[in-house]
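One structure, as structure tokens, below. Some questions next.
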Amino acid sequence: MVIFRQAFLREWRLLARQKADWLNPMMFFILVLTLFPLGVGAKPNLLVEIAPGIIWIAALLSVLLATERLFKDDYRQGTLEQLVAAQQPLLPYVLAKMLSSWCSTALPLLLMSPLIALLLGLSMPSWQAVVLTLLLGTPLLNMLAVLGAALTLSADKGGILLALLILPLYIPLLIFASAAVENASMGLSYSAQLAVLAAMLCLALALVPLAVLKALKINVG
Amino acid sequence: MLRCALFFSESAGIVFSATQLTCVRQDRILFEALDLRLAAGELLQIGGKNGAGKTSLLRILAGLTAPDEGELLWQGQPLHDSDFSRQLCYIGHLSGVQPQLTALENLAFWRAAFALKTADDFQLLALLGLAGLEDIPCQMLSAGQQRRVSLARLWLTSATLWILDEPFTALDQSAIAVLQQQFGQHLAKGGSIILTTHQPLSQHFPQARLLELVYRW
Amino acid sequence: MFKWLDPYAKPQTLYRLCGLWYPWLMAAAVLVLLLSTLWGLAFTPADYQQGDSYRIIHIHVPAAIWSMGAYSSMAIAALIALVWQVKAAQWAVGAIAPIGAVFTLIALFTGMAWGKPMWGTWWVWDARLTSELILLFLYLGVMALAGAFADRQTGAKVSAVLALVGVVNLPIIHFSVEWWNTLHQGATITKFAKPSIDASMLWPLLLGIVGFGLLLAALTCLRLRTAILENEQHRPWVRQLCQQLTAPQVRASRESADA
């Protein structure tokens, strides 16, 4: 617990000192959102139809971009190999990294959701659904991105490879999250989709940290 | 094949042993069938030319990499079954210092992560010649100063086995003297050290053993 | 529990065993596949609904089944590699991946070939086809990851972790795509789903499934042998083998050059 707190504090300090790490993905998200109306046309009914998909694709891309650097600094400086050699601190460290990266990527998205609702012309129920799916879905998205970052840690060509690996795994989340928002915009209940998202999140919470630990040990060793 | 120059000192009980270690990196055999024994209170130096496999051997001994063949025992137990990782302080070639954080913040993180002793950090950093530099980001320190911050762990750890990869890199004479003194205290308390270095050790540590790795094509 | 398998995991033994099995597996695969393909394509009656175009199922269905079977085999190899630290298993992951990817491609292309007469277009976002496409991406991901590292062994181990992550995701992806498809496409009647199939058409299909399975096994043996040689090239037995296989004149000239 102490290790988790100190590791989280460390991440928080680093985020405060390197604001680009979380500001840039936020701007990237808004820019991608803006590209879609520019590309497909800004008709309001068209936008309402594709809004759920756009939001979740933009969220995916910005989280992937942001998480790529997650372990790289510690790997290059040697912190990671010291932690792997000591073994005990590794799991709290990984959990602290996951929480801090969620805070730095997903919290801004949540806070920006009114802006998103404005840009895409979402109704109130749709916006509520967006917030709920972001709450449930971004932890899962973040965990997948952390897994990708851990897998590609010592790879020669990191960036695009991380996206290639994580995108297929992200598809169920995309399907259910955008379906939930779509249902909300039509006035239908979407609690089933939320339940599935919650189930996927629970599964990920149980399995992903273990996979991340293994991937880190392989990359450092 | 491997050539070992062993100067046998009196062993006060073997705490760490490695048998038949083989390491293959990128289809090249660095060393094979290597045997190693370390007793409490002993200093073992791994020597050899660049590229001979010293760092790879240290990483295998620290449990970071699995050897392609061979076995490692800590106090008679396989590494993973014992409390080896708690008794180990490993400082590799890279310093482990996060440049955006200050020396104090780095120490605070290491204290939690590696269960280090609480101590007066200011006093410790002053001992290491970093008085007045405690609360500036480490990226503003020189390489030698950053190395001193990373070595501060050695004063705070209760680990019995130290595995250090080129600890004297970038250090000036005064820092080297302080470090050698700390090594001496650790050995006197029954701890053991395995290290690689290009510094001559025989003057300060006449009882040190040397394991020489030969470069293999 | 599996201690008796340990000697078989030694690369040299495995190399020899795969070399023994390969000719038989390959011969059997070719035979069975020829039989099932010819039988299915030429000698079964035409379907009353679809005419002759349904015949592609004799290639499509076995390829699709074994594309998923290959992924499961890859995942089992990955599990063995990570849990029991068996080197040969992590090389097996890299051996199976391209074979599975090609099976997936065959399933996709034959699916498209079936779809053209059925729906009038080459590609439709049908649940099955979309799942196969995602499976292809998973295979490509494993292959790309393995090749992205300077140290081949690290790449093999990391791609093993990815293969395991993928196998857990596979059912989730499959069912969510199916759910998505029924949602967006309504009631699309696909004869892919559960063909109530006549016995005369069933036998060549079953033979095709067996044939593709044999082909997977044969090709895996071949690729695993190559992987073993590649990864063990520093060992004396590999050097001896290479020496034996070198043409005598080349060997003689090398020896005289060394001398």
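Residue numbering begins at 1 within each chain, and the chains themselves are lettered A, B and C in the order written.
What we mean here is this: a contact is a pair of C-beta atoms (placed from the backbone, for glycine too) under 8 Å apart; a residue touches a chain by one contact, two chains touch by 3 or more.
Worth saying up front: this structure is predicted, and the values here are computed from it rather than measured.
Peer 1: What kind of graph do the touching chains make: line, ring, star, complete, other?
Peer 2: Graph shape here is complete: every pair of chains touches.
Peer 1: Between A-C and B-C, flag the pair that has more C-beta pairs in contact.
Peer 2: A-C
Peer 1: If you average the CA atoms of subunit A and of subunit B, how far apart do the two points sit, in angstrom?
Peer 2: Spacing between the chain centres: roughly 38 Å.
Peer 1: Indicate the whole-number Å distance between the mean C-alpha point of subunit A and the mean C-alpha point of subunit C.
Peer 2: Once rounded, the distance between the two centres reads 32 Å.
Peer 1: Report the inter-chain centroid distance for subunit B and subunit C in whole angstrom, where each centroid is the mean of the CA atoms.
Peer 2: 46
Peer 1: Counting only residues that touch at least two other chains, what does the list for subunit A look like?
Peer 2: Subunit A, residues with two or more chain partners: not present.
Peer 1: Multi-chain contacts in subunit B: which residues touch at least two other chains?
Peer 2: Within subunit B, the residues that touch at least two other chains are 66.
Peer 1: Counting only residues that touch at least 2 other chains, which ones in subunit C make the list?
Peer 2: 150
Peer 1: What residues on subunit B touch subunit A, complex-wise?
Peer 2: Going by the criterion above, the answer is residues 59, 62-66, 85-86, 88, 90-101, 105, 108-109, 111-115, 137.
Peer 1: What residues on subunit A touch subunit C, complex-wise?
Peer 2: 147, 151-152, 154-157, 161, 164-165, 167-169, 171-172, 175-176, 179, 196, 200, 203, 207, 211, 214-215, 218-219
Peer 1: Help me check something: in the complex, which residues belonging to subunit C touch subunit A?
Peer 2: Listed in rising order, the residues are 82, 134, 137-138, 140-141, 144-145, 148-150, 154-155, 157-158, 161-162, 164-166, 168-169, 172-173, 176-177, 179-180, 183.
Peer 1: Quick check: in the complex, which residue numbers of subunit B touch subunit C?
Peer 2: Counting only subunit B, the residues touching subunit C are 24-29, 66.
Peer 1: Considering the complex alone, what residue numbers of subunit A touch subunit B?
Peer 2: Contacts found on subunit A: 2-3, 5-7, 9-10, 13-14, 17-18, 73-74, 76-79, 81-89, 93, 220-221.
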